[in-house]
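The letters A, B, C and D name the chains in turn, as written, and every chain counts its residues from 1.
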Amino acid sequence: MSETDKKLVLTLSCPDQPGIVHAVSGLVGEAGGNILQSAQFGDPDTGLFFMRVSMDVPAVEPVKTRVEALADDFKMNWNLDEIGRPLRTVIMVSKEGHCLSDLLYRVRDNALPIDVKAVVGNHPDLAPIATFYQVPFILVPVTKDNKPEAEQRLLDLVEAEKVELVVLARYMQILSDKLCGRMSGRIINIHHSFLPSFKGAKPYAQAHDRGVKLIGATAHYVTADLDEGPIIEQDVARVDHTLTVAAMQKQGQDVERRVLAQAVKWHAEHRVLMDGNRTVIFH
Amino acid sequence: MSETDKKLVLTLSCPDQPGIVHAVSGLVGEAGGNILQSAQFGDPDTGLFFMRVSMDVPAVEPVKTRVEALADDFKMNWNLDEIGRPLRTVIMVSKEGHCLSDLLYRVRDNALPIDVKAVVGNHPDLAPIATFYQVPFILVPVTKDNKPEAEQRLLDLVEAEKVELVVLARYMQILSDKLCGRMSGRIINIHHSFLPSFKGAKPYAQAHDRGVKLIGATAHYVTADLDEGPIIEQDVARVDHTLTVAAMQKQGQDVERRVLAQAVKWHAEHRVLMDGNRTVIFH
Amino acid sequence: MSETDKKLVLTLSCPDQPGIVHAVSGLVGEAGGNILQSAQFGDPDTGLFFMRVSMDVPAVEPVKTRVEALADDFKMNWNLDEIGRPLRTVIMVSKEGHCLSDLLYRVRDNALPIDVKAVVGNHPDLAPIATFYQVPFILVPVTKDNKPEAEQRLLDLVEAEKVELVVLARYMQILSDKLCGRMSGRIINIHHSFLPSFKGAKPYAQAHDRGVKLIGATAHYVTADLDEGPIIEQDVARVDHTLTVAAMQKQGQDVERRVLAQAVKWHAEHRVLMDGNRTVIFH
Amino acid sequence: MSETDKKLVLTLSCPDQPGIVHAVSGLVGEAGGNILQSAQFGDPDTGLFFMRVSMDVPAVEPVKTRVEALADDFKMNWNLDEIGRPLRTVIMVSKEGHCLSDLLYRVRDNALPIDVKAVVGNHPDLAPIATFYQVPFILVPVTKDNKPEAEQRLLDLVEAEKVELVVLARYMQILSDKLCGRMSGRIINIHHSFLPSFKGAKPYAQAHDRGVKLIGATAHYVTADLDEGPIIEQDVARVDHTLTVAAMQKQGQDVERRVLAQAVKWHAEHRVLMDGNRTVIFH
């Protein structure tokens, strides 16, 4: 971060107690800054307090120093970042390209603040899309036997590129508990159903069998518990009896890509905070 | 049915085969009538064919006779009714009045073609609403011990009033398999979740715990399998982290009453046909 | 307001400048209180700053005194109220009862924090609904000749009952500029179209002619400029070619009542602030 | 069309009269075919009857001959086509690529039955997208002075490639009345507002000024009357006070591309029939 007239976003969570807002707004003033937006939430269930503050400041360091001091006093988890700085990101895919194509289009269109370091595929099918958008495509086939090696390659990439976010854009492999644990809160998956309905495989076939009138998609953080991680965003689309499973799938893809792009955008804008297995989202 | 210039609606289902549409449209012509609307659907999974035809005819009997003959040839399940004839209906309730109030308002406003013969409550709370809309309220308390008697009272009412439709408008009791079987396809329930998510009790508390971003409601036919009957209509509403369970519940009530009213309307207009555990709906 | 442990909501707007959040949060702390929720917005177009803070305080007066002092310094428009205190409200109606019925049901269900002092109708049709909900119904017929007298009766009622909010629940009369001016920001109307489409009379007929695929409703503050006041809420419903004007109207009524109830709720919870001809809404 | 076992779709409109459904279903039977789907609509306002029938037939010619004969009797406008045959299409663009990118992705994904013969741009910006999807890009700059020549080039292309559909995918030029007339019912435009709100230029700026709570997009057939052609599809997205015009625009683009793709799909599947200035859509 350079040091002249920066726009910053501070997110924090801590046990709720009086005086937090005042302390944070005071800190901004002392650092010679101005608050642009501010939002907060106290969860009565967990007793936790969440806050997101964006600010205009003459320099970063004085803010950072003061936040560190405050964090000690209030036992805060916090993050301070420049507004708009793109997150270093890896997108993982298999064969279906609707989410990848959509994400990369948005990135190029300056509609999604991520910097895609690589697309990792366990099949080669989507390499051309990555190439068109001038993103390296890395083929990492996954078999029953090489899963640990494949994950290690991902972890090496994460380390080499200082990757901050991994997006599973219809990546049809289950990540190991170890990987989920190490990247906790930094892997976003799109599940092609309205969770918790139709967990697991072939959700559109399940939805068709059950005769639902709406299908959906769910973007969530990945945890060791499959399809059980904190939900970031969900949406639905109307279906009727005339749709085959294949037609539902096509229609669902529109919802999937929209929901995933929205979740990634909010995450990259530091709008999503974890509250146990739920998320607090400051729109 | 009187016999001069009637508007009728015919619904039918049968094994799919060529010639059904032509036979039905021919029948209408032979009876001197004109087709107003017509819709059909062939389900490739079950091999069943579904049709709904509305028509303007000089007399009912010639149509009926021809339909009976056709039904033999094609092994049809069928129903012939006057368009707009209100279905003789009983609404069952417990303590929450949002669905009841909404349904009765729509009936009085001529927006729902049902003739509500009685409101049956297992608590007295909603009697005033029924009374205001000039519908008899019958208190039938249900305890662990008197369930069979309570259901018998309902069945007696169904028989006495020739009830064609029972609407469970947030009725918090489970009906016996026997009753479900006897009234198959004629009991509509509103479940306060987006099925199959959050079956069973306290769906809003479950939804809150899971941190979903949309809540929903589902209107379905009641079968012996709790919350598993054929779905007629579903809808959702957006929620966020600030909502308590109680607030979700209030917001969900808006969805519940809208979804239930829609399902009852379609059913009463003979737009819903059963296709195994799914429904075909001709809008 | 009594003086022991109150929950208050403060709303304010003023020219934007650094230090406002800090000053407000400081004020709450000095008064021995705790901030429950806080939201703010600075409009880059108008240079105005908007804030809504809810708080838990031991006593009201110390807060009020401090807000008054602050308001002078920052040239604030402000409002301080107890959370949940119902607004003294009059609902005005003509012949269509869907909005009235819905609003009164919600009030009785504790879902809408307004205290309906009277329903004023220019036709007697809806008196029974008011009576059922135990609200006085006042018939004030309006003709070409008696408009000023009719409005004077409304103003007398507003004064006598200290009415804070007037809701036009499908009231089919245009209010005079004088009345609009006197009650500025305190009259909410529901217009039965998605404004600015289809202003003026018969919006559903206009919508039908134009062949739109969605119809809508708009709740807005009433100003002297017909159908041009600041919009609070809008929503839409899908329609198709099969719907007659009358069917569109019935379907639209569902949207109207939902949109109006939402707008009244947000207003009564002090979530709506005026920003020129636009509204800032703190959800 | 080859002549063994074809799936066909017949669309027709004519003055309403008894016997049309029977005649059409009879024709299919006589040709040895089977009806797959059938839908019809009689417009009470215009007295016109609309029908769409899909069928499985052993050969095309016998159907065609019979339809021609029927068309004479009933004064039908009609169209008979193979199901799934892609329409020969030209897409016209300026600088914004979200719609183009989306349409071409769907075509490659077999989700949109059009065969894009060329992308015509009045700016070179989007050539790479066309090239990536292996579609010829033709640069046809338009100035005040060369408009007739530019349109002639388009018409030449239409003739040379037997183009059946022109899609204006955010093409920022107004077509001449002459062109609109010649291609009536075969040009689809996406307007970036919820028509009839915010016709003409800069609809998002207009929407922002008016303070609407939903923005929308409208796909419609192009007529000589700007932004007044028959509407095929519309949808909306929620906005709030925090969005700048630029942010609204980005958000609106998601709606635009979804609505345009839907309209093109329905058109290409022969689901859209013109009914004066309205459309009949058989979903």
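Things worth noting here:
By our rule, contacts are C-beta pairs under 8 Å (C-beta built on N, C-alpha and C of every residue); 3 or more make two chains touch, one makes a residue touch a chain.
Given the structure is predicted, the values throughout are model-derived calculations rather than measurements.
The chain with its CA mean position farthest from that of chain C is D.
Chain pairs A-D and A-B differ in how many C-beta pairs they share in contact, with the greater number at A-B.
With each centre defined as the average position of its C-alpha atoms, the distance from chain A to chain D rounds to 36 Å. Remark: chain A and chain B have CA centroids separated by 41 Å (rounded to whole angstrom). Touching of two or more other chains is recorded for residues 37, 41, 240, 242 of chain A.
Residue ranges of chain B in contact with chain D, taken from their complex: 18-19, 21-22, 25-26, 28-29, 33-42.
Those residues of chain D whose C-beta lies close enough to touch chain A in the complex are 37, 97-98, 101, 105, 109, 111, 128, 132, 240, 242, 250, 253-254, 258, 283. The residues of chain A lying in touch with chain B in their complex are 41, 43-44, 194-198, 209-214, 216, 230-236, 240-242, 244, 275, 277-281.
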